[in-house]
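Each remark here refers to the structure printed beneath this line.
We call the chains A, B and C, going by the order they appear; numbering starts again at 1 in every chain.
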Amino acid sequence: MMSTYYAGLLADVGILLLGALSVYIILATGQLSLGNAGFMGIGAYMTSYLTVIAGVPVTLALVVAAVASGAIGVVVGFPALRLKGIYLAMATLGFGEMVRSFFLNLGAMGGSEGFHGMHHISLGYIWTWAAAILLLIVILERSRVWLDMRAVRDDETAAGLVGLNATTIKVGAFGFGAAVAAISGGLFAHHHVYIEPGNFSFERSIDFVLAVILGGSTVGPGALVGAALLVMLPEYLRFLAEWRFAAFGALLVAMLLVRRQGLLDRAMFRVFALRRAA
Amino acid sequence: MSATGQVPLLALNQVSKEFGGIHALTDISLEVRPHEIVGVIGPNGAGKTTAFNVITGAYRASRGEVLLDGTPITAEPSHRIARAGIARTFQNIRLFADMTVWEHLLVAQPHSEFPLRRLLPMRWGSPQALRRAQEVLEFFDLGAVRDRLARSLPYGIQRKVEMARAVTARPKLLLLDEPVAGMNHDEADTIRKLMQKLRNTGLSILLIEHDMAFVMNLCDRLYVLDFGVMIASGLPAEIRANPAVLDAYLGAAA
Amino acid sequence: MLAQQLVNGLTLGAVYTLIALSFSLVMGILGVLNLAITELFMLGGYFGFTVIMAHLPLPLALVAGMAGAAIVAIVIEKLGYQPFRTAPVVTPMLSTLGFSIILQNVVTNLWGSDPLQLADEVLTQRYTLGGVSVSAMQLTVMGATIVLVAALAFVVQRTSMGRALRAVAENRDVARLLGVSASRVTLIAFMLSGALAGAAGVLIGLHYAAITPYIGVEIGLKAIAVMVIGGTTRIWGALIAGPLIGVLEVMTVAYGGSQVRDFVVYGFMILILLLRPQGLLGGSRSDQGQRV
């Protein structure tokens, strides 16, 4: 029987995995979002409202929140089309902060005091969602849809010239990413059974980005490696303890320097595929 | 409408394009008929690439219209024009940095009519796409580099990949922007033969090129642009002897 | 009342101006968003506090904050920017993010995460000007800002180094052809931006008589909004946007509650990004004008 502490760690990995995947999905179209904690917060508060105040079962609440967050993601995605690179990053940063500020001000959900009352979900439940979504993405990566996304990321103009509608693809990615982040938030809320706006800050958005960049920014399982790394590594390197953030900062710089695509990349999977075919 | 009353494949009617005060194109009219290879030549900066950009929807014409099979496409977005049957390559090759040659041929395919098919792994969902990609791969003799990252290939092969990508969706018209720039005689000859092969499969080609020998050898008709204005058009032999054309080129060099 | 809030807003705005100038220098010259600036701001404050708590004079604290932050900025330039200068600008941005994470961790470990407080408030004399009460500290903050901005303006407009900065901001390649050493310019840009951020940190710390490792994210991040609103690549936009946002924020807190202030500030930033990306002070969209 797993210790509560260890179970908590694994729960964190699952929740961070989903957050990282939300960044990964949007990044697959060439857009870097520094504000996905905002969508996570929307998911957390919405599911909590639904289960605690409206008495909705948690699975349904998660689905509803994901759809709603996805719609908001689409709405955010449209103006985001106009911005590229650093400007998009700044705008998403602003969005994330606006959402946090919004919930700070939302007295009905506790404001700065936070919200509680959610019932606790099991580790198995969290990982059912996390594994299912990861699997979905791994399958989608082999589809035409993902190839289209990669084309838009690599060269938007050329993508248009082979008939791809970059607008639909980029906005759709925002929506999908927002939905996945919302599920991360809903699971977070029902695992920690208490949420406050500070849980969904810029630092959280950065955690997502860090997991993707370190674990592998060009393949879905990279998010899993990154999430596991960020949560579990400090446990095995106890001596680092209070210096673990600095270690991750240094790791980020080192990774950008030495292996920009992160730990996992497509070439690795190609090698496995070829080995199996041989 | 062309002289025979047939609707041309591509027609530009009095197309002008301005950027602020700069007149990049002024009253350009040209047409491309089915099964033709038409060349657009002229000194650097004459507006040839701008004309391509207007045709493919990257720029919107300030005045005039662009017609494909008689239907106006002047205001259409790029991706819809591509779907309607116009494909192009670029002066500075624009391949997808992170994709293999094979992936280029897959992504250039038209989408299946069932949107849900697009979510399935390509291995299962699109047998026709795989077949077509294989066909194009063999046509362009790219089998050996199928799984290589396109950007890691030599220049001449990259140009072939770009053309292969353009041709995959069976366009009606192919716009080639300096397809043999920087190539030696043998490489250019390979491309020339490919283009003739393509024309024989029913494709029309409109090309921009500086290599005079290449153009004279290959094109059915030529248009000459200078400072955004059409200064001559006709058969290669006529163009070669046209004093205005010589002036334009020599004037630019002087 | 209103005029009082105005003074408070201008004080906050002065700090915003300094940090926004810091962001803008690097953004305008290199096109990179240096996310470590928020922590250089914070670090400068800690350096300044160390000096104050050793009972050394205030100006020395300011110098210590500026110098300390500038030195760390140089380290970041060498390790975090130079290796990535040819990569797409998002990459060095992420690299500076890494450094900001490192810096915050280091400060938290060295000084603790609890607020560091000054034993007594500094410069508490108050003056009354036309019915409005201003503290000597507020005057110092605004005054120091004006002096620093004037110094920066002098450097940028009147020195050969300033000319080099402007040249690289306009066109890096041409500047190199003209003999400007891009790497030296980059170093100076980072150094100046570090000094400005450090100064802001000392001033805000003194103003509140307390400092935490989190002011970088709490206050510094909003300076990005100030930079955008003033005009990302026009550094002098910060002179207008800083006071504007400072006052806007203070007014929002006074009349709307402190919970909405970030919503308003970032909302304004996003509106500008979408509707007028060149910022308030930017010319027409295609007009680049003077970046630095």
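FYI, a contact is a pair of C-beta atoms (placed from the backbone, for glycine too) under 8 Å apart; a residue touches a chain by one contact, two chains touch by 3 or more.
None of the values given here were measured: they were computed from a predicted structure.
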item: Chain separated most widely from chain B, comparing mean CA positions; value: C
item: Innermost chain, taking as reference the mean of every protein Cα atom displayed; value: A
item: Separation of chain B from chain C, taking each centre as the mean of its C-alpha atoms, in whole Å; value: 50
item: Approximate Å spacing (C-alpha centroids) for the pair chain A, chain C; value: 30
item: Euclidean distance of C-alpha centroids - chain A vs chain B, Å; value: 41
item: Interfacial residue positions of chain A with respect to chain C in the complex; value: 32, 79, 82-83, 85-87, 89-91, 93-95, 97-98, 100-102, 104-105, 111-112, 201-203, 206, 209, 213, 242-246, 248-253, 256-257, 260
item: Residue ranges of chain A touching chain B (in the complex, touch as defined); value: 139-140, 142-145, 147-148, 150-151, 153-155, 157-166, 218, 266, 270
item: In the complex, chain B residues that touch chain A; value: 56-58, 77-79, 82-83, 87-88, 90, 94-99, 103, 106-112, 117-123, 125-126, 129, 147, 165-166, 168-169
item: Interfacial residue positions of chain C with respect to chain A in the complex; value: 27, 31-33, 79-80, 83-84, 87-91, 93-95, 97-102, 104-106, 108-109, 217, 221, 224-225, 228, 232, 257, 259-263, 266-267, 269-270, 273-274, 277
